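Following this message is one structure expressed as structure tokens.
For clarity, chains are labelled A, B, C and D in written order, and residue numbers in each chain start from 1.
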Amino acid sequence: MTTRLGANQYGKAQTHVVRVTKGGPGGNVHEIKDMTVSVMLAGDFEATHLTGDNGMVVPTDTQKNTVFAFAKEDVGEIEEFALRLARHFVGDYAPVHRARVAISEQPWTRIHAEGGPHPHAFERAGSEQRIASVTCTGDAEWVVSGLTDLTLLKTAGSEFWGYPKDRYTTLPETHERVLATAVDARWRYLGADVDWADARAEARRLLIETFATKHSLSLQQTLYAMGEAVLEARTEIGEIRFSMPNKHHFAVDLEPFGLENDNEVFYAADRPYGLIEGTVLRDDAAPADQAW
Amino acid sequence: MTTRLGANQYGKAQTHVVRVTKGGPGGNVHEIKDMTVSVMLAGDFEATHLTGDNGMVVPTDTQKNTVFAFAKEDVGEIEEFALRLARHFVGDYAPVHRARVAISEQPWTRIHAEGGPHPHAFERAGSEQRIASVTCTGDAEWVVSGLTDLTLLKTAGSEFWGYPKDRYTTLPETHERVLATAVDARWRYLGADVDWADARAEARRLLIETFATKHSLSLQQTLYAMGEAVLEARTEIGEIRFSMPNKHHFAVDLEPFGLENDNEVFYAADRPYGLIEGTVLRDDAAPADQAW
Amino acid sequence: MTTRLGANQYGKAQTHVVRVTKGGPGGNVHEIKDMTVSVMLAGDFEATHLTGDNGMVVPTDTQKNTVFAFAKEDVGEIEEFALRLARHFVGDYAPVHRARVAISEQPWTRIHAEGGPHPHAFERAGSEQRIASVTCTGDAEWVVSGLTDLTLLKTAGSEFWGYPKDRYTTLPETHERVLATAVDARWRYLGADVDWADARAEARRLLIETFATKHSLSLQQTLYAMGEAVLEARTEIGEIRFSMPNKHHFAVDLEPFGLENDNEVFYAADRPYGLIEGTVLRDDAAPADQAW
Amino acid sequence: MTTRLGANQYGKAQTHVVRVTKGGPGGNVHEIKDMTVSVMLAGDFEATHLTGDNGMVVPTDTQKNTVFAFAKEDVGEIEEFALRLARHFVGDYAPVHRARVAISEQPWTRIHAEGGPHPHAFERAGSEQRIASVTCTGDAEWVVSGLTDLTLLKTAGSEFWGYPKDRYTTLPETHERVLATAVDARWRYLGADVDWADARAEARRLLIETFATKHSLSLQQTLYAMGEAVLEARTEIGEIRFSMPNKHHFAVDLEPFGLENDNEVFYAADRPYGLIEGTVLRDDAAPADQAW
């Protein structure tokens, strides 16, 4: 029998770097960029697997150092920083055939104190994270942006009925339910000449607005409408992928206590939960599975 | 040898209840209150421990039902809801000598869509939680409010020097460092006739503003100033307790790469971290250890 | 512009079911099976996305009920239970073209008490989980087994040197380091007529033994050797995929305290960490990307 | 109005140190000790709070260094290591009036490979942690040992009935239920001249055996019996405190599917859960609240 090495990659995961940029008079007005950066490299790495010869292996420690060193230069949006890093790894190291740099950004908001914006104090904005993932090979590159843990909930405008009933069905149909989800959305750009901040802000706004305003007969319908809204508005985006849990809120039976529950008191369950995953594509977009 | 039962309590922990309140024309404008409620009861519970006789034991399942049933009535602020529940448990069950109801509230913000506030769609506000903890005995009651996971960071206005040096000291003194913490603050009210929402909002605002504006020679100094600001402004508060990690941000040494790091590039460490705990008291406030 | 629906699937995630099986005299000797089951279905689900017509949608609540109902019958090994469920979903529901059932099993060990095995008391065995993932389409099926969070560490027999040095390299070469990882390994069977328990036990044993005994020049080399050992011993396995963090242990510099550190005192870091992912294949195994 | 500083303490939390001890011929047989150490100091720290004067403040960085330096010497059991550290902090720094050192130990088990114990390869033993917490003042010291996340379950021998019924009661009585908990137990020694390893092993064994063998009418009864068993067997222990969740396992209603469920199929719930906290004391033990 013979075995062989199949697909493989390696890198340094979760380098947590905070970049302070000093502007304004006397450099007293600060901005911060809080990023967790993961690098994964694929290429000519058979030797280290088969014999332990590390002659081709850029140490993950070096990758970490590179993240810090590159952060000394202007970082820009996370898509730009990921592009710079991924191009460096694939361009400057011959054995590297594909580099993927994934960044998770924790947003912060400037504190307002004593009547105005404070020059150097910040509050963490929440648990939602901005995501960028850039994949570079020698000849091509793909930029995926996204967000994760954007938790949305609506208390009306959501129904679920008309599904098949069988031996294992006990769920009653409903014309009014709480719909709650934690959106994980990732969209692929058709190129790299993009106003990243503007595209992200607008995509995010449309996701939230569509969730709120679309009357929902299923979470799938809401998901598709959210994707469609983004693709219609942003021609630089070719595809958007969602992973959205259906975070169940069950109306509590209050009858034993002599009370009515007109969709007012809910038990929010942790597990199990529904999980809806779907892709919305621009019809004419070429497939790009390497981007993910 | 003889053993005996010492301090003990029991209850239902983490009942996650979401209350929807419907107002406006046609009941179409909704509000939500998202609470995780934990009940702990102390009292005449020796029998169940020694013999398994449960004649005095209010089942934790009943406690959970009570939380849901009480949520059917107007909930109000979490301090009010905790008071109603705690008074019920200590008042209506003879074996219960002390009831503590602790609530963690997840705030949500109303979504703005199509140019205005949406009547029934919401976005989770972040990871910061509002806390209320009410303790009732037959004759007394205490209300503690607070917040947890309020993460703050300042990139200037923080120093640390003048500490003793010994055999185990390697830390260099600094006149400029990043100061970051996740505030857990809990304040005790002197009574229960309080405008809870206003007191909370103002306490929170003062904590944040003081963190930002107080020039810091140590996190302890910042902590004390934060507490003092709250006590000076809110006479209904008698005491405030803090637990604040010092979330270290280390300036990365970029010299090996031929770069200077003028406090611009930081590595944000997870562990170990400093932990600062302290209490600030109104000088004339009577001690109230039972409240905690 | 036109958009369309791309790849999509949905299901109920993380139904946590515990099955008690009663044997022995009087049914007094119990066994337990603790499983967290996730179902994902793909098929003719365009209508619900585009119009909210749920006529094809097996509710995730029904899927959950099915998991519980099927658990009433003899569960067997998790591979068998996943096979039964996946075959059911793809066989009994016309719109379902592909069903994937992923099970995570928490092992428990029987408590020994008063000199012998206790008939119905158990202790959770640890954080390592057993994994099975079965994918069924109308014509084909694939079984992947695995384990996750198997944390291994060796304090000798691990080196790392011979890597390229460049502008961003600061890591010193080492001929003696701590090597620690949390193994996530998943292996694909070539068929479904397998002694699952035996294959799993032997694969696990070989992974651990190889980690321990293989002198390591890189974690990649260790990974490959682990995969090779499994494939050589178990002809029913065609492929094995690993995701293994390099959990760094840094020797602490004790010189400032007048002490030597001969690889005795280590700081165990959380982040960043190296991440090594690789596949080891039987040379003649047909590719089967649909299995994953 | 005047405010003042109340109770306060500070220290370095969660220094994760791994100590390798080399014995046997040629130092080739290794042992490991994996500890996460937290230090908290109380004393004359008013100045740093009020004015930022750090002249009395042992930096938390120094505390971390001390942990690493002390780990270079023989560590012994975690109780011994915590004692050495706590005595050092309270003895060598005049401003420190009380030092508490809390250690969480992750156990590892030696890997058996190629027919015997491997000299330097280990597998993490599980999620259960060993705990030690030592508190030293100038004149006194207390040692608390314990364990956390010891998850136990029994499928028979557990009942719950005889509790009061009222308006909010819906729970049916049961004479057969699954009883599951994650034990957090901490016991206080009456002195510091103890065979720590032996006392711990025996306490742990008795906790598990008693959980298994004690017929349970309530989790409180089980808790008390567990404590009593430890106190009766180990005269060096004066008190034991428990925090034990009641991890509910609900028998699933299979009737809608035409199936019977004779306590065979359970849904394991995450939240809410019951929480039982209790102390078992040796009758003649002096109180020692400072130990906790």
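The criterion applied here is as follows: a contact is a pair of C-beta atoms (placed from the backbone, for glycine too) under 8 Å apart; a residue touches a chain by one contact, two chains touch by 3 or more.
This is a predicted model, so every value here is computed, not measured.
**Student:** What's the chain with its C-alpha centre farthest out from chain B?
**Tutor:** Farthest chain from chain B, going by C-alpha centroids: C.
**Student:** Does A-B or A-D have the larger number of C-beta pairs in contact?
**Tutor:** Taking the two pairs in turn, the one with more contacts turns out to be A-B.
**Student:** How far is the middle of chain A from the middle of chain C, if each middle is the mean of its Cα atoms, in Å?
**Tutor:** Each chain's C-alpha centroid was found; their separation is 24 Å.
**Student:** So the centre of each chain is just the mean of its C-alpha atoms; given that, what is the distance between chain A and chain D in Å?
**Tutor:** 38
**Student:** Quick one: chain A and chain B, Cα centre-to-centre, how many Å?
**Tutor:** 29
**Student:** Do you know which chain B residues sit against two or more other chains?
**Tutor:** Correct list: 15-16, 65, 69, 168, 170, 256-257, 270-271.
**Student:** Which bits of chain D are touching chain C when the two form their complex?
**Tutor:** Answer in residue numbers: 15-22, 28, 30, 32, 34, 65, 68-69, 71-72, 108, 111, 113-114, 118-128, 150-157, 178, 208-209, 211-213, 249, 252, 254, 256-257, 259, 261, 263-270.
**Student:** Provide the residue numbers of chain A that touch chain C in the complex, in ascending order.
**Tutor:** Residue positions touching the partner: 1-16, 36, 38, 40, 45, 48-62, 64-66, 69, 93, 160-164, 166, 168-171, 216-218, 220-221, 223-224, 227-228, 231-232, 235, 239, 241, 245-246, 271-284.
**Student:** Which residues of chain C touch chain B in the complex?
**Tutor:** 167-168, 170, 256-258, 270-271
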